[in-house]
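Labels A, B, C, D, E and F are assigned to the chains in the order they are written; within every chain, residues are numbered from 1.
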């Protein structure tokens, strides 16, 4: 059967700051600039989850996008939406919540709930002009 | 010469329903949910056709996008636009018109009119949040 | 208190055809062109609901957009989404479901559930290039 | 001379929470839901500033959009971008930073720097689906 | 009948420069900055044409958007698309082609072909961040 | 460390014409159609610069997007923005400024300023419907 990629968009809003606990405020500002503001700032994150695999001959689906929507809701939106990533999300308590790291964490959280014969790719927009993507390499 | 991908966007509006003739309405609803509505529903499909190949040294083009626009119009828009895909498009008389299958059929319809040294990829948005892509694998 | 307009976007997918029962297929085609296809076609309708009124000094809200989201869901999305407007929506059994008429019907369905001191405006995108708006005049 | 409206888009990212200091966390959650998260959340705010007035016969401009861009930068972006609105912006120390109130404050901050013969309107997107507008009424 | 506004989007690409023939290059640069480049620069102009009037009870249309599309094509796109506005468009031979003036000229060119009982408004995007609107005042 | 792609969007406005000096106006028109207009036309070019590499364990960045923004500004925007590509940009004095060629030139101009262990890809929108991409092959 043909190998097709299916994509589902989702979004969440969150606060964060970029910094290392073992650096001074000055060093954090030198490296992360205004993104290191100790009082936090935030974003409307737009997320694209992409799954690649063969079309199921019975249904014509690679993966039911309604099921994928529900999975993104339970695994990602409920954990990240309207949250302070640094304070309230376990994965970022010791990991700097850069777009790169949020993208990798999103990949890891979804990967374990998806069939192993489907390839997964995550694209994450932090702003309309800055975005990142990760496919497990 | 450098190998570049050129992309052209197009769109069409159509009605469809997702179902299998050999299943009951109940089973179709269980699998395809409201997409199986026997009275049809519809979408504004957005299409991206992508061609990869070497730049022609004489023109600076990989492929004339005006020519590609015309090809998409004659092969895809005239067949799908303002149509009921299940009833009026031959390819879907026995094939469930999921986004995945529409994407593969679009690929097949265009592939035979394009030079064999150009790679083809189709991306099809069924809604702004659900989309699929296929490159002939 | 300042008078502010709050807007909420929503969407639904539906099938429809434009025609008059008292006209022949030929006349319907002459007036409504391919939109009169007897087998239907469809759209991803994008909806913007706008409410104008004074800011509530206690909450800082004109109207709770979460409540508006729920109202749009129960009154509009549940009635129109994944439906055939001509066959399954009472309001269009005798009324041609042009974008103009869908916009007016949406206004009427929401108006009765909203406080009378708020002005209501509806904007409805039938395609990214064709849209209509209505504010009760 | 013809009366034309000129519009300029800008954006800023910020953290905020919606709450009243004189209410309990429970009451704040009951009214503002997850937007009242004491650890803050955030948005990519998109801003449209609109000025209406007669075209200047000499330049063909209503107002130099380069000058407007600089004004938005110094008065709005430098105050709001990458900030915690509740903690770091004076106007919101006693005022709940709802989209409505941010829109009115933006209006007031810009109004005093603009010629009195130009009408001003502010549109503020808190998310792609929620936005507000204010024109000084 | 309800009074509704119907909108149609179109676009054209053109070159232009902003300047006054009776000013020196220095003065033109001081006022119009890099937009005065004597070698021209260009834009993808996005156009929205809006017509307000009563719904026709027979058709459910305010104005046939297919007819409006054709009118925009013959009156605007064929005159402006892939043109140098300063050199090739009569209206701008003595008039500075600012977004404001292009918007007013577009209004005047369309106004005379449209029924007098319909109100007309033109919105013109020069870039995604700079746009203007005019409704004949 | 995980290998992630970071993307930064930018834009510039420019005039150009497509033609070969060694061809007649008739031949240029036959091949490049209205894009060969000797008086030029123009576009709002949207640019996406994508860098792929391992996340730096210390910062959580693949590459500082603020630094990338500055590099795009100095190497691309300052050279192309509000310019006539054929006349004012050295690279296009003998090279036809098709979207393909602009994309390759952008790649070459940025490549030499970026670390060799990062892969580079350029995507260039000439219009919202026509775009190209190049990754150095």
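Quick note on the criterion: contacts are C-beta pairs under 8 Å (C-beta built on N, C-alpha and C of every residue); 3 or more make two chains touch, one makes a residue touch a chain.
The structure presented is a predicted model; accordingly, all values stated were derived computationally and were not measured.
If you walk touching chains, what's the least steps from chain C to chain F?
The least step count works out to 2.
Along the shortest chain of touching chains, how many steps lie between chain D and chain E?
Between chain D and chain E, the shortest chain-hopping route counts 1.
Computing the C-alpha centre of each chain, which chain sits at the greatest distance from chain E?
It is A whose centre lies farthest from that of chain E.
Quick one: which chain's Cα centre is the longest way from chain F's?
That would be chain C.
More than half overlap in residue numbers between the two sides of the chain C-chain D interface, or less? Answer same or different.
different
Count the touching C-beta pairs: is B-C or B-F ahead?
Most contacts of the two pairs: B-C.
In degrees and to the nearest 5, what turn takes the CA positions of chain A onto those of chain D?
The superposition gives an angle of 180 degrees.
Would you kindly tell me how far, in whole Å, the mean C-alpha position of chain F lies from that of chain A?
28
Please report how many Å separate the Cα centroid of chain D from that of chain F, as a whole number.
Comparing mean C-alpha positions, chain F is 34 Å from chain D.
Could you tell me which residues belong to chain C and also touch two or more other chains?
128
Once the touch criterion is applied, which pairs of chains come out as touching?
Final set of chain pairs in contact is A-B, A-D, A-F, B-C, B-F, C-D, C-E, D-E, E-F.
Note which residues of chain F are touching chain B in the complex, please.
Against chain B, the touching part of chain F is residues 18, 20, 31-33, 95-101, 103-104, 128-134, 136-137.
Using the touch rule from the top, collect the residues of chain D that touch chain E in their complex.
Chain D reaches chain E through residues 2-10, 55, 58-62, 65-66.
Please output the residues of chain C touching chain B within their complex, sorted ascending.
11, 13-16, 34-35, 37, 39-44, 81-84, 87-88, 127-128
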